[in-house]
Amino acid sequence: MTLLEVRGLDAGYGDFQALFGIDVDVAEGETLAMIGANGAGKTTFLRVLAGQVPTRAGSITFEGADIGAVRAHRRVGIGIALVPEGRKLFGSLTVRENLIIGAHPGRPGRWSLDTVLEVFPLIRPLLERPSHVLSGGEQQAVAIGRALMSNPRLILLDEVSLGLAPVVVKSLYEALPALSEGGATVLLVEQDIGQALSVASRVVCLLEGRVSLEGRPADLARSDITAAYFGMPATAGSEGPS
Amino acid sequence: MEWLNAVVQGIMLGGLFALFATGLSLAFGVMRFVNLAHGDLAILGAFVAVSVTSALGLNPFVSLVIVVPVMLAAGYGLQLGAFNFTVGADPLPSILVTFGLGVVIQNALLQTYSADSRGLDVGSIEVESIAITDAIAVGWIPLITLAVAITVLLGLQLMLSRTALGRAFRAVSDDPATARLMGINDRNLYAVAMGIAFATVAIAGVFLGIRQSFGPTDGPAQLLYAFEAVVIGGLGSVWGTLIGGLLLGVAHGIGGQVEVSYGYGSGPLLGHLVFLAVLATKPAGLLGRRTE
Amino acid sequence: MAPLLEVVDVEKSFGVKVVDALCLQVEQGDALGIVGPNGAGKTTLLNLIAGDLSCDRGSILIEGEDVTRTSPDWRCRRGLARTAQIPRPFEGMTVFENVLVGAVFGAGVPMSEAHATPVAVEALERAQLLSSANTRAGALPLLGRKRMELARALATRPKILLLDEIAGGLTEAEVLELVETIRAIHAGGVTIVWIEHIVHALLAVVDRIMAMSFGIKIAEGDPAEVMASPEVQEVYLGVAPE
Amino acid sequence: MTGHRVTRSDRQSTFGLAVSAVLLVVLVLLPWWDGDGSLRVPLVPILYYLALAQMWNLLAGFAGLVSIGQQMFVGIGVYTLLSFAEDFGVDPYLSVLLAGVVAAVLSLPVAALAFRLRGGYFAIGTWVIAEVFRLIALESGFLGGANVRTLTRESLGGYSVDTRNTVTYLMALGLAAGATAILVFVLRSRLGLALRSIRDNQEGARGLGVSVTRAKLVVWVISASWTGMTGAVILLHNPSTRAESAFSVLRWTALVVFIAIIGGVGSTTGPIIGVAIYWGVREFLEDADEWRFIILGLIAAAMAITAPRGVYGLLQKRWAVQFFPVRRRLVGPGIGGPAPGGQSQPAPDAGSTAR
């Protein structure tokens, strides 16, 4: 079943257009990875879904309803939660408060403070600390937990691995299946192709604001991905995962 | 001994300053909004109390039951209907709108109530006091004012630190865009904050009116005192606001005593000079974190 | 002679350490590339060098002069220029006026507009922007904005040019064009320090690479050797070499 | 040389300059056929309000310094003239210049304190400092304390009433026209380039070598000095004063701000339109001070929300007019776009950076 259906989406900031006619479907229960180079438009896409950037053209249908006009603070109520790039924890709130503020009265469900702490046990001893003293990995865990607290149907993860040590990234990624089991559909944005491919059931690659590739990880050749990622012939892969 | 008395009376006055400063500090803390009409709103609150007491024959203390909700609603409505359009990176529009509003309030009060000084009469309690020593007596009214100020600040502090509303205020203050992701309607929250700010400044205005006589053009002075209390104490700190108010009150008390003893100077002048001294030496305020 | 730019034991923390005890020397005529994953502290390092952030510890020297406590405009007039990762033109001004600001104020000596005009024109020419000199800067597309960042920086007649992901978000053809421009600037005697994710662009210009991870320098030296080292492979590409 | 040069004028702005020049000549010659002064005298307040509005516009609209303390410089000007002319016997017209000097000097320590505050807090901070000056004037026996002080006939020397009226008028005219000219010259200069870049992006400007604090300080001192001279001319026009009126925030800042906002802050033409509207409201509501403030205050507050660039901004949106040439256009080989002197390209007015 299709949870999210995006058609012909244009979006941008001021004079600058970041997305051109994006078509993406997300099926219920899948884990979709969106990859692409810096500036490809991945973060903008997530921000559009969360209502932080307005659409200029096209439609967004979520659970059968057009949500293009739903304002940002109402998106969480309909079941969309964004874990923003750079974590964006509230620095003057404690970790516990950061988690609690993520909960939404209209969305009870499996996720609560206790169940979140089960998935991210490293947070438990930090609950009463102000969030700005946490390490990057701890902050990221809190940010994901905060989004889970609203029991989202669709959780959007922006650059979870940004600036984190590989071992931390690994542990965060290990928690991802728990999200799916909890009933959330996952749409994650990554620059780190290797990580993305390891967890995704499907991959969409963006290049300069357009979809350049789509498919199941197993069906895609590395050279195709490299080409779609960098926008050049597959042979010139001087970087990317080797 | 008269100097010690000046300090004691100054502390009592400082409670009132802290009460004035509370709303200013809250609006700045939550949405970086500086309301230049703040003092005029206090005076407006006092005049509303004048009308309510004379029309219904109420005691001014009781009139708060009407004045405070009216001002709270006014603050909520003004924020939603006007101020929200000026919240943003450029401070110019918000300064202009609130400055204009202040001037309009002042002149509307002049038109409605004339330039005469008024007072709010609460009966015999006005002249009663507690003698601490032979030379020092603390009036009941200043004492009640200080107690109310501390209660309001304490309540605000508890609300900010303990309640869901306070959590939302702090979240919006940190990062309104991310707060929206949590389902928080920041614009509505701003209106709530402004409503609370108006309510506290109305209380301050009524207590000012009970304490001393006031006129339609007294608002700007109250704005300046409130602002000085906030800056002296340090931005974004409820207790800083109280300390700032008390210090400013003491400066006014001593300044007044200087005037009595030597014939020069005045409370407000010494208060301003203390503020400028703090600005010159500790621009972040005495208890402040550096915010910018 | 003192090095053109010296970074001594610099530290910066935002709750967590973003730049940690970092040392760096750049000689006149160098072209240094800086690589590392997102969040490694590269842009923070650049901000510290340019003066947009203040160091918690350590010092920054330009030609032996300690500039740690000076403002960005002072450092600019001492010969340091930078481009921003996300271009922020003076949108209300024309492209020419944008560049003129750099030419008038960025020179070490007071410059009249009449004297600065040829400098601005030359910078526009080198950045291949002369034809849109009278366009409103806010209306430029991304490549134009990146070029204008370059032109504004060049107009200050820098001794050393700090480039922050200037190739990011551009198409391959555009990247190649930009590489040519930067090579020419370097050949003209300007020292280059360049942060870039697009490694093949970097390799075409620089003669030395420093790799960073978690605010720490993990490797420095010959570009090919640095990029081939196992540490860099692991942190930069997010995967261990196969 | 590359053969490139910069032009600034086009037909439209040349037209604007021509109109202004004609208007200025007419106003300068006015005393010679306005025998009894019935035109000149009422014009003086309009002219000094224009001078004050332009100076506030320079601060708030171009340097981002939203001052609510301009009354301090008016008051400083008033009391400098009083002191020099009355107490030291200096020629009153020379004292007008000295008022500018004194205001400029005193503006420096004020800046040292007020520049520590930002935005709305800067606004209130300048207001506090203005209050300090008012209280000092009130306390100072030398300046006259709370009493009314008058510029007496003796200190005005042997000048006849008619000469005094004419000189006061011409000085007010000079201040108003001069203030507008200062704005145009500042915007055309390096300082203007710096201010526009700061308005658009302060950090970016710093990165290109612009010394932000210095640029703001220069503007602050210019504005203080010109406002101080205007204060002195206000006293020449209305020779009795006391501290409350010399340092009145309502008269010397609130009205001035309203005029600038309604006309259009951030442009050179806006305050001229604003002062014309103010004149209209004043004529319409003679002797009703409070209503004047209420109406202008409401219009200004509404404008600040709905049309932040004032009436001029609305006109400009409609007809794309620009009267004073401040923008730079590069001409020479290899440059695209319309030919020099041409129109249509949306190159910005210096003022259009204000938002």
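Going in written order, the chains are labelled A, B, C and D, and every chain counts its residues from 1.
By definition in this document, a residue touches a chain if its C-beta (ideal position, glycine included) is under 8 Å from a C-beta of that chain, and two chains touch if they have at least 3 such contacts.
Values in this document were obtained by computation on a predicted structure and should not be read as measured data.
Engineer: Hey, which pair has more contacts between C-betas, C-D or A-C?
Structural biologist: C-D
Engineer: Quick one: subunit C and subunit D, Cα centre-to-centre, how many Å?
Structural biologist: Centres of subunit C and subunit D (C-alpha means) sit 41 Å apart.
Engineer: Roughly how far is subunit B from subunit D, centre to centre by C-alpha average, rounded to an integer in Å?
Structural biologist: Roughly 33 Å, centre to centre.
Engineer: With chain centres defined as C-alpha means, what is the inter-centre distance between subunit A and subunit D in Å?
Structural biologist: 53
Engineer: Got the subunit D residues that touch at least 2 other chains?
Structural biologist: None at all.
Engineer: What graph shape do the protein chains here make by touch: line, ring, star, complete or other?
Structural biologist: ring
Engineer: Please give all chain pairs that are in touch with each other.
Structural biologist: A-B, A-C, B-D, C-D
Engineer: Under the stated contact criterion, what part of subunit B meets subunit A in this complex?
Structural biologist: Against subunit A, the touching part of subunit B is residues 167-168, 170-171, 173-175, 177-186.
Engineer: Where on subunit A does subunit C make contact in their complex?
Structural biologist: Listed in rising order, the residues are 14-16, 37-40, 132-136, 159, 161-166, 169, 191-192, 194-195, 208, 230-232, 236, 238-242.
Engineer: Would you mind writing out the residues of subunit C in touch with subunit D in their complex?
Structural biologist: Touching subunit D: residues 50-52, 71-74, 76-77, 81-82, 84, 88-94, 96-98, 100-102, 104-107, 112-113, 117-118, 121-122, 125, 130-136, 152-153, 155-156 of subunit C.
Engineer: Applying the document's contact rule, which stretches of subunit C touch subunit A when the two form their complex?
Structural biologist: 15-16, 37-40, 138-142, 165, 168-169, 171-172, 197-200, 203, 214, 233-235, 237-239, 241-242
Engineer: In their complex, what parts of subunit B are in touch with subunit D?
Structural biologist: 28, 32-34, 36, 82, 85-86, 90-97, 99-101, 103-104, 106-108, 110-111, 220-221, 223-224, 227-228, 231, 264-266, 268-269, 272-273, 275-276, 279-280, 283, 292
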